[in-house]
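By letter and in written order, the chains are A, B, C, D and E; residue numbering begins at 1 in each of them.
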Amino acid sequence: MGCAVTAQLAIFFVLATLAVLGALSLIFQRHPIHNALSLIVVMIALAGLYLLMGAEFVAAVQIIVYGGAIMVLFVFVIMLLNAGVEERTNVSKLAGIAGIPLAVALLGFLAAAIARSNESAQAGLQSGTLANTKEISTMLFREFVYPFELTSFLILVAILGAIVLAQREKS
Amino acid sequence: MPAFPNTSDLLRVLPELIWCGFGALLMLLQPLVKSRQVLTTVAVIGALGGIVGNFYAVHNPGAAFGGLVAADPFSIFFSHLVGLVAVLVILGADSYLRREGLADAEFYALVLFATAGMGVLASAQELLTAFIGLEMSSISSYILAGYRRDALKSGESSMKYFLLGSFATAFFLYGIALVYGVTGTTNLLKMDSAEPTSTLLKLGLALILIGLGFKVAAAPFQIWTPDVYEGAPTPVTALFSAGPKAAAFALLLRIFADVHAATQFWFWAFWILAALTMFAGNLGALLQTNVKRLLAYSSIAHAGYILVAFAAVTTLAKDPEIGAGPAYAAILFYLLTYALVKVGAFTIVSQYGGAGEKHLQFDDFAGLGERQPWVAALLSLFLLSLLGLPVTAGFLGKFYIFKVAVDSHLIWLAVLMAVNSIVGAYYYVRLIVVMYMREPSAELAATVPARFPLSVNVVLAITAFGTIFLGLFPSKTLNYLLQANLLNR
Amino acid sequence: MPAGPLLSILIFLPALGALALLFLRSDDHEWIRRLAFAVSLAEFILSLWWLLRGVPLGGTGYKLEEFHQWIALGPHGSAPQTFINYHLGADGISLFLVILTTFLTVVSILCSWNSIGKRVKEFFVMLLMLEVGVVGVFLSLDLFLFFLFWEVMLIPMYFLIGIWGHERRIYAAVKFVLYTMAGSILMLVGILWLYNATGTFDLPSIQRALQDGTLILSRGTETLLFLAFFVAFAIKVPLFPFHTWLPDAHVEAPTAGSVMLAGVLLKMGTYGMIRFCLPLFPDASRRFAPAIAVLAIIGIIYGALVALVQPNLKKLVAYSSVSHLGFVVLGIFAFHIVSIQGAVFQMLAHGVSTGGLFLLVGMLYDRRHTFEISQFGGLSTPLPRLAAFFLFVALSSLGLPMLNGFVGEFLILLGTYQVHWSWAAWAATGVILSACYLLWSYQRVFFGEITVEKNKSLPDVSVRERWILASIAVITLWMGIGSTFITGRTANASQSVLDQMVRPPRAYEAVAPAKPMPTVLLPATVAASQGSATQKQISIERLGTR
Amino acid sequence: MLILEHLWIIPLLPLLGSAVNGLLGGKWPNKIVNSVALGATGLSFLFAVEAVREFLRLPSEQIPWVQKYFTWIAAGDFRAGFDLQIDQLTVVMLMVVTGVGFLIHIYSTGYLAHEGGYYRFFSYLNLFMFFMLILVMAANYVLLFVGWEGVGLCSYLLIGFSFLKKSAADAGKKAFIVNRIGDFGFMLGMFLLFRTFGSLDFVTVFSKAAPLQPDALGQFGIMTVACLLLFMGATGKSAQLPLYVWLPDAMEGPTPVSALIHAATMVTAGVYVVARSHVLFTHAPTAMLVVAIVGCATAIFAATIGLVQTDIKKVLAYSTVSQLGYMFLACGVGAFSAGIFHLMTHAFFKALLFLAAGSVIHAMGGEQDMRRMGGLSKKIKWTYVTMLTATLAIAGFPPFAGFFSKDSILFSAFQSANGGPNTGHILYAIGLLTALLTSFYMFRLVFLTFFGKQRYDEHHVHVHESPWSMLGPLVILAVLSTVGGWFAAPSFWGGADYFSNFLAPVLGGGGESAATETAAHSLEMILAVVAIVTALIGFAIAFWLYIRRPGKPEALAKSMKGAYNTLLNKYYIDELYAAVIVNPLMWISTNVLWKFVDVAGIDGTVNGVASSATSLGDTIRHAQSGNTRSYAVWVVIGALVIIAVIFFWPAAGIVFGRVR
Amino acid sequence: MVPTSYYLILSAILFGLGVVAFVFKRNVITIFMSIELMLNAVNLAFVAFSQARHQSDGQVFVLFVIVVAAAEAAVGLGIIILTARNRQSLNVERVDLLKL
């Protein structure tokens, strides 16, 4: 059992570092494509963590929808606009001077607050058995059916938006 | 837990369903029907239908879908409000879209979807539903903001709105996540159990407040408002200023009503937000020369006034004698009057702006009082209502906010609000001065005043009438808003 | 004596007139004028008839009351539902102020007969709406209603100045609006605070509750409330140092505007002081009286001195108003029946005589299109009648016995002297100075050889002008001799103001005896139909510093 | 009893006359205007006579006879009625006002026959009569104040009658304002009286005041203060130091006006008020002393100025001031009846002097400078004779009126012990000196005007005697100023002083005990002789300087230039006032109060607030940089703020606790 | 067993990094990506909590978030394409026509 624990911890830390690194490279890479790739890294790492927590379905969705669909869409757009290396303009004084420190401060505060909060400490045993896909699906189609149906309209809106915004002017 | 949503559930969310349905219907009709009148009529019918759809909920209010949404007087009021706004916006937009040569089916569809989203948001008792509703309205808004594709400003406003909006949404979501972590639920009704000392709850509520504060344009999150409002097509601006804001406020109120902890944590936040917002809006508006932008700033200021009432809610809720009821009433009444006035004003602006929204500078309004007396009179009426002068609805709205502020002994906040009203008076009066007391430039005087189409006149008639009527006989509305079971408990 | 909602009719008749005007063709000036005149005249006659009949000599309390529940406010304290009421009533004080208003409206409509060139229709509409607002202010007995009319009155005045004014009209108009609003919005907070303390906006109820001690305001609360109200009124009066909007507004306003402004609007401030500050917050009033008196005296002397050196005739008259209204404020805050009587009288007297002065200045302007004294001189050769009227009005304004100005000033000073002789002594210097600036300016305008060529051939007063001026002159004389007609009717009202300042002894104890506030808060007429509010002890700790 | 019931008729008639003339007279020929004006005054004179006749029949307990007509002002427990009263003092004043007034009306018809604005003049003059009658008949201080201010107004109007002349307009304004300064005191006096006695009716006030304990000398009790305040009013109206300055300028008015208002009636109102309030004054020795001193000082002061004036009317003006000083001196030493007596005689001879002077001016075609006259005695005999009579009267030669009145004043001054034993003697001495100067400058006037070689150009001015409408009044007045003093004559050869006896019921005094009588009588004889001698000396000097050695005066003036110029420029008092009061006031008002406090200070603050608000708004606008990144940072800042507030909110509670 | 707090801290870090990225990046697309990063952090938190509480509604929430994210992506990229077309630049700092 103990070794399992250590193994899980090890995996967690590997994936966590991976995710953080990915995030950092998202920040410091200058070419959008690299950004996209590093984001994908983050997502895959997260998917791994989900698996580690035993949320297979979410992990799968993460890979398929996020990694697959959304990021592909990103890459596609990047190609479409053949976006080049990002230019480091510094028009915004505020962002240039105070932006990073403030954001980091926010980060630090969030992390610290969560770390110090007692609730998150009462971490129950992780057991992959709970919250299986079947349960999720039943919830989705029973109590959450209304929002679920609404999302369909939401996607309709998205399509509509894509048409309205991106279609080339005929006239 | 019902096996499948029974009819009462569906009937209670009928308005949203109708709006969505008509939205979809419009998209289906769009390729088939060429006539704009038909599409407009359908859209209007849809919007009205949503309002009519409340009939069931009115007579037997209650929760639907096992407490995901509530159809109580509160949400009914809001679905009336947003429905009304939708009707007015659609009516007002028709001629605008013709003039700008923009497709209308999509526009109406988006408006209806956005309306539906707001309806959901206002009636949500479950943060998940609220989130979906929020996104529905937001995403439609992003698109609408950029609806004048070829106009740089429109695209820019759309982009800014989108980026910052989703940024804020992320905060909102994270807040939900934390709250969920503490309480183990996302259902507002079930959250009372949470012990209000918990750090995570505080943090979560803080983040939720940030997310919603962005939607209602509370300083310093108001920063996006002027740009987006100015860039968006004017009818859309009208929608923005009235609808999403109201819905977001509605959600905040629900959180107040249900999450006990919120009333404890949020007081000073609201105090400060209110003060900042009022000043940001009014001072920022002082030097504006673009009417549309001026109105945008003024809407920030008004959000500030409403936030004053929120600060009052936090204290009145604790006061056993009075209770938060009057504060709720004040807020809702204000939202109603404010929506009417803003939609009216923006409709005039959208008409007067002319093709490509060229005539939005103060100088373009010079001598309006002589060239188009009725338009000038109406616009002045709306401005005076915004400024809060008696016999206009705006006055009573402001009056009740003052009242609850004083009742909850927020004297100094009330005084700050008073000071702000003076500052506000300055720029509203300035616009009136321009309209009545400046001579128009030669070429402006030469231009024949464009006659407003019927639909627009209808909108103006409704808004103007509402402004006066609510200013003189608000009792029925207020009694409705003051009823004990406003939130159905 | 006809029955029915007389006061409502009085208030809204001009509004109907304005509405009717809207349906006239806007280029049909003749009929627009006639209609406006007819309406205002009818209003004047009705106000004379109904009010003089309705507010009998020697009667006490409010007469011709009208009371309807208007706007629901939701629960307050234990009262399940409280209301904003539509409550009107007249007493000796408001009686004559209303009549003054209606009279001056007629006058100002007549005096703008030909002098208004552009947008005639709107002009008369605005004048009538202004009348609505002012009459409403004087007749409303509900704080909310009062505030409502108080604000409504702003807009027409604002347009009158801003559209039909002179060169710097916009600056003046905006200044006027902002100044007044700055005061009134604070008053709104005060009104609400008072509501929060009492659970009603109904003035008589609040007065009653305060008098029989069922309602007690702590010292601090009373102070803040008093200031909230007083500042608003002081700005309106205007009391030094809140007066700087006045010269601009007056100089830029059209004649009719100035007449209404000086004749009536300024009185709203002093009326407010009598009607609200003294009865509602007697303790604070007494505490602040010395300071206010000092300001008033400064205003008297200061206004006079500045008027003395004005090169602009209209500004001179404007500053003279500052000086005269200083007397009124002094009289009010001497808390002596004689001085208050004098103050009320002086309000009316000043309304007539200063209104007259503005008329005359306006007539000069119509002839010469300038207010610069240096542009006049020797005018009594071409304009003997105008000169005569001007002298007459000027004399009444400088308080010559047998004319209306004297009675007011004399009573104010007499009453004040009985309480604080030094205040009266200082104020009395104003009597000297008023003679100085009026006679000096009169001499510079009318005496001597004609210096400016244009002045040689000016037409003397037309028939219309003669009628206006004659009416003013007659009233001036009548008020100066038959003053008792007015003072007799204002006596009881003024006395009751002082009576209302008396509080039951325990009213100022720290803690109020906890007896539930009975229906005393509501006029007997409707007591039955309304729930009762409980008494509340508001303490500054709870209100201010949390 | 008919007229006594309806006393109001007496003042009302002139008012009607004034109104009729003022409103309609413009289109009428002079005749009608005359008849209206004269009719009004004449009738009211007759009614007055009738009223007096009836009054003399009244039993003494009905005196003073008060008629309450209607309440004019009432507030609280204050009531001022339109009440007229008549007692012996009123009778005297009534006779003087209506009588002299009527004569002067007649005179004016001749004098102004060729002036413009004829109807205006008579309207004003009638109005003046109205107010003057109100003044003397009023039964309370407030109504008296009505007349008081009213006559001031009329003098303003009449002085500025020829308003085209700037000097005239200025003089009118000056008169009114200076009077106002006096009225300031008068009003305060009234307020104090009301505060003390709860009423302003003469009867009530005096009955309540009489039993009170008088203030000691130097004690400023209520009585003293009240009296001093009233006296302040009197100094204004009766042109005493320091408020006399308006009277000389008032000579800008037409001569009849000077005669009526600025010599006979209005200017004596002050004396009347002091006499009327003698009950109060006798309770306030300090005030009495002040009155005496001021009167005495004014008398000598004005007389000295009168010595060198060359404008015939100016001389008379200063002599008026000086004579008024006499009257106050009388009141100050407690001889109120003497004061009133002199008031009456002075009314006769001074009016006569002015009218005669007017006739001279009329004859000279408007010339007023005595240096351009001379040798007129033959050309205008009537004028000359009457003027000489008046001169003898004022100079105090027996048996002319002035002698008796002036003599009784000096006598009582000599006797008065108020304020130390010697005060009386000092006052007497000064009074005597004044008498000397008076007789000097009066004879100087006569000599310069009527004697010596003519100093005017025959061709330009053709001297002519005035019409009878003017001479008639002269003659009548001449008679009056001859016999007018004989009321008091008997007291010289041991008889009673009828005049003071007549006034006794009102003013007290009168019948002293026989013992003192004899002692006083012998003393009085001595003083009378002294007075006559003084007058003679004055005459002699004048004769010597202006008849014997016509060149001498210039030489004297040269030799003592400083003194001469000082006198010629009236001690530079006007310049002093201008420099000390008027100009600084103007400067301060313009530059400090208006330009600095009002415009810069208050308005500056207001606009400053506004502009600072706008600049703040500008900065806020510039936060709106349009750059999305900055916006994001703003959001982050907001997030931090909210989180901070929510987390540290107890602290926040402490911080914001005050302002909430 | 990995304590939930670890996951939460990680999510906080990722969220914070997302904020940093949003403020730091200039390229619109990348900024949008940073939003996605934040959403991912949210999801992580949700999943962690739902696991800790043995409730699956958290995961349902995650699914909705992902769907919405997809929708947003579609719209957002549409907007980005629009602006990129209109002004030939993806640099967010060049988009400041609306200001003051």
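Definition applied: contacts are C-beta pairs under 8 Å (C-beta built on N, C-alpha and C of every residue); 3 or more make two chains touch, one makes a residue touch a chain.
Bear in mind that the values here come from a model prediction, so they are computed numbers and not experimental data.
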| item | value |
| --- | --- |
| Chains in simultaneous contact with chain B and chain C | D |
| For chain D, the least number of touch steps when starting out from chain B | 1 |
| Chain pair whose interface holds the most contacting C-beta pairs | A-E |
| Chain occupying the most central position, where position means C-alpha average | C |
| Chain whose Cα centroid lies at the greatest distance from that of chain B | D |
| Chain centre separation (chain A, chain E; CA means) in Å | 6 |
| Distance from chain C to chain A - Cα centre to Cα centre, in angstrom | 69 |
| Chain C and chain D: spacing of chain centres that average the CA atoms, whole Å | 39 |
| Length of the line joining the C-alpha centres of chain A and chain B, rounded to whole Å | 31 |
| For chain E, residues that touch 2 or more chains besides their own | 8, 15, 18-19, 22-23, 26, 31-32, 48, 52-53, 55, 57, 60, 64, 68, 71-72, 75, 78-80, 82, 92-93, 95-99 |
| Touching two or more other chains - residue numbers and ranges from chain B | 128, 132, 135, 139, 142-143, 146, 149-150, 158-160, 163, 167, 178, 181, 203, 226-227, 409, 411-412, 426 |
| Shared interface positions of chain C, touching two or more other chains | 178, 546 |
| Chains touching one another, given as label pairs in label order | A-B, A-D, A-E, B-C, B-D, B-E, C-D, D-E |
| Chain B residues touching chain E - in the complex, by the definition given at the top | 128, 131-132, 135, 139, 142-143, 146, 149-150, 152-153, 155-160, 162-163, 166-167, 170, 173-174, 176-178, 180-181, 184-186, 226-227, 230-231 |
| Residues on chain D engaged by chain B in the complex (per definition of touch) | 610, 613-614, 616-618, 620-621, 623-624, 626, 628, 630-632, 634-635, 637-639, 641-643, 645-647, 649, 652-653, 656, 659-660 |
| Footprint of chain D on chain A - complex, ascending | 91-95, 98-99, 102-103, 105-106, 109, 113 |
| Residue numbers on chain B that touch chain C, as the complex places them | 321-323, 325-326, 329, 370, 384, 389-391, 395-396, 399, 402-403, 406-407, 409, 411-412, 414-415, 418, 421-422, 425-426, 429-430, 433, 436-437, 473-475, 478-479, 482 |
| Of chain B, residues touching chain A in the complex | 1, 3-5, 9, 13, 16, 20, 23-24, 27, 64-66, 68-69, 103, 106, 109-110, 113, 116, 120, 126, 128-129, 132-133, 135-136, 139-140, 142-143, 146-147, 149-150, 158, 178, 181-182, 198-200, 203 |
